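In order of appearance the chains are A, B and C, and numbering begins at 1 in each one.
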Amino acid sequence: MELLKKMCKIHAPSGEEAAMKEFLLDHIKKNQDNWKVKPTIHFGDGFQDNLILVFGNKPRTAIFAHLDSIGFTVKYNNEIVKIGGPVTTEGIVLVGKDTKGNVEGKLIKKEEKLFIDIDREIERGTSLTFKADFRDTDNFVQSCYMDNRLGVWNCLEVAKTLENGIIVFSSWEEHGGGSVGYLGGFIYETYGVKQALISDITWVTEGVKHGEGCAISLRDSGIPRRSFVNKIVSIARNSQIPFQLEVENAGGSDGNGLQKSNYPWDWCFVGAPEDNVHSPDEKVHKKDIFSMASLYKKLLEEL
Amino acid sequence: MELLKKMCKIHAPSGEEAAMKEFLLDHIKKNQDNWKVKPTIHFGDGFQDNLILVFGNKPRTAIFAHLDSIGFTVKYNNEIVKIGGPVTTEGIVLVGKDTKGNVEGKLIKKEEKLFIDIDREIERGTSLTFKADFRDTDNFVQSCYMDNRLGVWNCLEVAKTLENGIIVFSSWEEHGGGSVGYLGGFIYETYGVKQALISDITWVTEGVKHGEGCAISLRDSGIPRRSFVNKIVSIARNSQIPFQLEVENAGGSDGNGLQKSNYPWDWCFVGAPEDNVHSPDEKVHKKDIFSMASLYKKLLEEL
Amino acid sequence: MELLKKMCKIHAPSGEEAAMKEFLLDHIKKNQDNWKVKPTIHFGDGFQDNLILVFGNKPRTAIFAHLDSIGFTVKYNNEIVKIGGPVTTEGIVLVGKDTKGNVEGKLIKKEEKLFIDIDREIERGTSLTFKADFRDTDNFVQSCYMDNRLGVWNCLEVAKTLENGIIVFSSWEEHGGGSVGYLGGFIYETYGVKQALISDITWVTEGVKHGEGCAISLRDSGIPRRSFVNKIVSIARNSQIPFQLEVENAGGSDGNGLQKSNYPWDWCFVGAPEDNVHSPDEKVHKKDIFSMASLYKKLLEEL
């Protein structure tokens, strides 16, 4: 879990994914010689801070994992406003950096507004993220930003043995979206691929429990095409890998972005569930993490 | 009205439009020899469960009718969540199917949650629709899913004599949209067509009454380009066909999806009004149905 | 300010931008011989009522200014519904035109509904705008529709000396958007340009004051890519032109439309702040107007 721990500390809220991109480019460079297939990497001009890895000559499915995290932006007089939907419990420790140096302070509230409690004025527009406290126990990993550094970690696991397939690292998922439309368009037009799996983290709920396997989402706020979802469930059933079926009417993912894009994507959300969503204490069961990686490997082979 | 009656019974909530697609492909196959022009049909790979019929060599206008209906998805322990915006009056009869067989039960409420009242646990993700009770009287037809099986029926009426034009059967209109962007893109790029009529059902209101003709919507939540709408009103005025002008600030249609897509579509909603919107008792005046079909034929000729 | 005054009076709510388009085409025709570079103009078929001006052979940045304004649509019995988000204080004078002639009347409220107070029934669908009262003092200009006729005016100022760059006049920004997706697509595919500046008007707030220079927005409801925004701030800092940094979590612009489009646009909102937003009394400090024009000239040279 050292790789995951490292990634949970990287400061990359929506709009500032560059640090995650650099980390991944470096990781890929150092590790790809040990991967079964060396991928073609699309990045840079025309791709903003996103990355696309293409494995093999016959990719049929693309995995999408978002690089960005939730956080806050400093407004005026140390007031802060949300990036995405973070919890805002008083006392949460936030970190960032402006031209005067590192920033660290607790979240406080005054008359329904949020502030960072610190003894100097932070520069306007400075972004803040949760201070990472990574906890690795026998059964669980816990930290801020399991959503979605764990989805990214899952892609890097799959990458080790992937023969044909595409991995996409996207931006802005937590705040307004806007990258998967053109990334999906590039993939559809260049490789003819239109099947997508969303490698992201979901919620522990009444119907989805810790330790019972990765969740396959039948729907959330978005409704994927049922015939595609059925294929995935069928492969999962035949795989012996534990999994849980999820049905929600709220929440969304890059799947919605693909659906609303001008390309005919089929998509399905497949991801481990977490407790303490969008807090510094996001907690995921290790069995669900391993189930997720195993299921993705199987799906990329059989879809 | 036998064709309409058949279609109102087909189980095809958003995401599961395949049954409507199959029904239409079969209907077209059986009937197209009696149509003035035999259309080119685009469907299958790259079109999900949508259909595009192209009539003649010089199409100028496309009609969009959505295949999907509102409904419910089974969550956990027979709780149900909405697909689109159905009414949720207790006692409404819902039907569906899971691997254990047919499902039929009444909608009930417990502590602000919705459930289907039935003596076994329905499988997660099973979709439910209203049980159809089609009523055909002298002046009215009444059933669930006039919205939008009547819009589809209208297209099949127009198809009989259409010489140049396009008919699109789309998906997900009731829940998030996502198909007309790429369907419109395909049409624009392949045929250069960018005029759209939205064949869908609207509301009986203070300003739009039963039996006074099909409504031409000047706006709803979306505002179409006025110069295009004016052309349509002008053709309608010269046609002797009764119609009503509608102005709303809520509600939307595939028109919004076209407007937000990356193509320069002009669009206008033209459709009969119904009472008891999004319930099992959607009621439309026959005069308005015939006005709608006549107006579409005229518009496809003159636009 | 005569040009600005003229434009503030033009009736062009969302969906009816044609009048602004005609005014601009005429203005360009009359003035372009005095401009440093004569632009290529894209308009007409396939562009709806939008305009794209391309200056020089090597454009790198596009300025987007929306043509449309907020307003109202007449519903039934002189009830009116909003176009975009206008203020609705009773007594505001509204103007428009239907086939019976000019319309002028005061906004009134009855049981939470809005009406225009006038002695005849206005035709359904008639659009109404604020009656313009343009006030030009030593320090301020004040009128309805500074948002966004001032953004358009800024483009016409920049046009005088622009050597390489693109100016886009867009539609529907105040109500649902839908034009910048395809306009941006055309520009990206034809000219390879993917840097955008949003020439629009923002709010005087706790952090952004009258007379302290044009605002560069670090974020609003949308979050632009930080590395692009940083470039703009850095050029502004080196320019000696006064400016203010803005951070908001609400409000949006054509920037959001570009972000959600299927093209990899970087965008930043750069515009003067106004008081009395979306009212007949929008008020902007002249220093901020001149700062805005100067900053755009600098940015178009250096970006």
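One rule holds for everything that comes next: contacts are C-beta pairs under 8 Å (C-beta built on N, C-alpha and C of every residue); 3 or more make two chains touch, one makes a residue touch a chain.
Computed from a prediction, not measured in an experiment: that's the story for all the values here.
S.K.: Taking the touch definition from the header, please name the shape of the chain graph: line, ring, star, complete or other.
M.R.: complete
S.K.: Compute the rotation angle for the C-alpha superposition of subunit B onto subunit C, expressed as a multiple of 5 degrees.
M.R.: 120
S.K.: How many angstrom between the C-alpha centroids of subunit B and subunit A?
M.R.: That gives a centre separation of 36 Å.
S.K.: Any chance you could list the residues of subunit B touching two or more other chains?
M.R.: Within subunit B, residues 261-263 contact more than one other chain.
S.K.: Please output the residues of subunit A touching subunit C within their complex, sorted ascending.
M.R.: So the residues of subunit A in touch with subunit C come to 14-16, 18, 46-49, 73-77, 81-83, 124-125, 127, 171-172, 175-179, 181-182, 185, 261-263.
S.K.: Under the touch definition given earlier, write down the residues of subunit A that touch subunit B in their complex.
M.R.: 194, 206-207, 218-219, 221-227, 229, 245-249, 256, 259-264, 266
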